[in-house]
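Two complexes come next, and they have one chain in common, chain A, joined by chain B in the first and chain C in the second.
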Partner chain A sequence: MGKEERYQKLRDIIKIYLPEDVSIDQISEESHFTEELNINSAHLVDIVLDVEDAFDITLENDDMDQMQTVKDALRIIDLKTDK
Partner chain B sequence: MSSVILENLPYSKPFLFVDELVNVDENGVEGKFTFSKELDFYKGHFIGNPITPGVILTECCAQIGLVCLGIHLIGIEGQEINKPRIGLSSSEMEFLLPVFPGETVIVRSEKLYFRFNKLKCKVKMYNAENKLVCRGTMAGMIKIDTDV
Partner chain C sequence: MSRRVVITGLGVCAPNGVGLADFTAAMQNGKSGIRFQPKLEELNFGCQIAGEPLVKDNLINKYFTPLQLRGLNASGIVYGVIAGIDAWKDADLPIATKETPDWDSGIIFGTGILGVDKFRESIHLVDDKNVRRLGSTAVLQTMASGISAYLGGLLGCGNQVTTNSSACTTGTEAILMAYDRIASGKSERMLTGSCSDSGPYVWGGFDAMRILPRNYNDNPTRASRPMSASASGFVPGSGAGALVLESLDSAEARGAKIYAEVLGGATNSGGQRAAGSMTAPNNEAVQRCIEEAVQSAGIKKSDIDVINGHLTATAKDSQEIENWCTALERSGNDFPYVNSFKGLFGHCLAAAGSIESVATILQFEHAQLFGNVNCEDVHPEIAERISVSRIPTKTFAYNPKIIAKASFGFGDVNACVIFGKFND
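Showing the complex of A and B:
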């Protein structure tokens, strides 16, 4: 799976949990999940659980703590899928 | 364990909806509550026809099914369980039978998952005749305040 494909897959997961006042177009690699995309902590967990299923990886508490932006998520996914 | 959980519940009257825990383990919890006839909301829900509001049944399910179980799960992770901070994040409930003043209910909750401080459960409430009163799926965030 290429980088662009991973990014699209992640965007498809994130869009499910966006509040109504945030559009899909507002998602970029730099987006901060809670501060810019207004995703609450409970939905951030949902995103992580969906990411685990979609990419067949397991995230730890440390990964969760580091996952602040879309870019962070992609970096963690890259790391885990390379193994 | 169950007395430790009850002692650490962040509620008091008139908003405590747990009397006792019958059973608790890593997969679920079962607890009881009796709706005293004296509870204040019966005066207004409904006028002259007191019935326990669905929102209170939901709260009772959440206090037993999510908060009590959440405290237990945090405890078996080895964390201290004082001052849990909690927030309900979702609930989808279906109500099947009314609960009248003075009734005792049993809430049974089954863990779907507990990860990254989020607990999601399937809950069911039964009346004294063991008939299903309400059921649903609910989730909440629970964590221990470490900065105090």
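Showing the complex of A and C:
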């Protein structure tokens, strides 16, 4: 799976958690999940579970704490899937 | 300060009809919602039939966002949201704007136990040492107040938002709690009602108590037999009923359609004393509850035209009729008409009082009394106390002025509400 493909897959996961007034086009690699995309922080754990299922990886507690932005998520996914 | 309180919206998700139109037709025509449940057979239940609402996926999509539907595994929330949102829309009330809740609208929506299937899912994950996989909604779907919380967010209610729980009395009690809140001036509008989950994990305990009928698995629509000599236990059910209660001032100011008036009511407990126990009512308490309801409504005992009983189709039905006779000092031909809707959809447990109240109020709206089913053989102890002509077996045209509706629940708790035809 290439970098672009991973990014698209992650965007697809995130879009369901966006509030009504945030469109999928507002997602960029720099986006902060809660502060910029206004995703309810309670849903971060659901995004983690979806990422685990979609990429067949397991995230540790530290990974979850560090996952603040789309870029953070991609970095963690890259690390885990490259193993 | 005591203000008049009226009913301006109804919603229902019942085993014999989802939505007001289907439910009304089912009640008018005596259509049963009790069906054979293959899952209960598979699990070796004695009683393999139940009343469960048939909710299609495309209907659910109209009430929940794709995000809310993810991992949603709480049938009571689905039923309660459908009934609650329908009632709100039926009352023609707006949804609060994005920034500001409606401070004058609240919710009292009861349940017995919520999100049982979600809880089971969670238990398996926890036992597998996989607690981190529970997701963010395991709590929201299994907390009792999940139903009022979901409805509160969807509608933007800013007054009291809570859930009551008193076993099979829950739905009727919720209506009285909402009535009190509006009558005392603490709110203008309350969405009230109750819901109950479906499935083996809810109904299993009752099967184990051997209080469900076991001989009707191949004849489900005949199984629920309130007031019948051949009644052999209650058929378990599920679903939700919802009512919008509103101050008369608010209803009139916005020109709302008024279904009926809540004239008053009472709740009490028999304290599990005398004949009362965890599972049986103290008869004096039942009688007092009915009498207090009559007093609270400011009516005479002789004013009651119709009773919608608790009448679950167990050996207790005769005692309930006896209690109504004693409390109202009426019997024989002088007894009010009496019906039990459990013959058509079973005993919907925590949802019973609200679903049955919705049906009760529809009788004002359509100027009809809905007939009883499966009591062609009225129990001899009942026939001794009241004329069988007071137990209609077919729906007929009738213009009720005052209907008493009661529910009784485990824990020896009682509620009786008095509904009146609205006249200004």
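Remarks
Simple rule for what comes next: the second predicted complex is superposed on the first by the 83 of 83 C-alpha atoms of A that agree within 3 Å, B and C clash if a C-alpha of one lies under 4 Å from a C-alpha of the other, contacts with A are read in each partner's own complex, and residues count from 1 in each chain.
Rule of thumb we're sticking to: a contact is a pair of C-beta atoms (placed from the backbone, for glycine too) under 8 Å apart; a residue touches a chain by one contact, two chains touch by 3 or more.
All values reported here derive from a predicted model rather than from experimental measurement.
In the superposition on chain A, A:Leu49 makes contact with both chain B and chain C.
With both complexes superposed, B is the one of chain B and chain C in contact with more chain A residues.
When the two structures are aligned on the shared chain, A:Asp72 is found in touch with neither chain B nor chain C. Of the two partner chains placed by superposition, only chain C is touched by A:Tyr17; chain B is not. When the two complexes are overlaid on their common chain A, residue A:Glu36 makes contact with neither chain B nor chain C. Residues 42-43, 45-46, 49 of chain A touch chain B in one complex and chain C in the other.
Within the complex formed with chain B, the residues of chain A that make contact are 40-46, 48-49, 61, 64. The touching residues of chain C, counted against chain A in their complex, run 66-67, 70-71, 132-133, 135-137.
Residue ranges of chain B in contact with chain A, taken from their complex: 87, 89-90, 113, 115-118, 139-141. On chain A, the positions that touch chain C within their shared complex are 16-17, 42-43, 45-46, 49.
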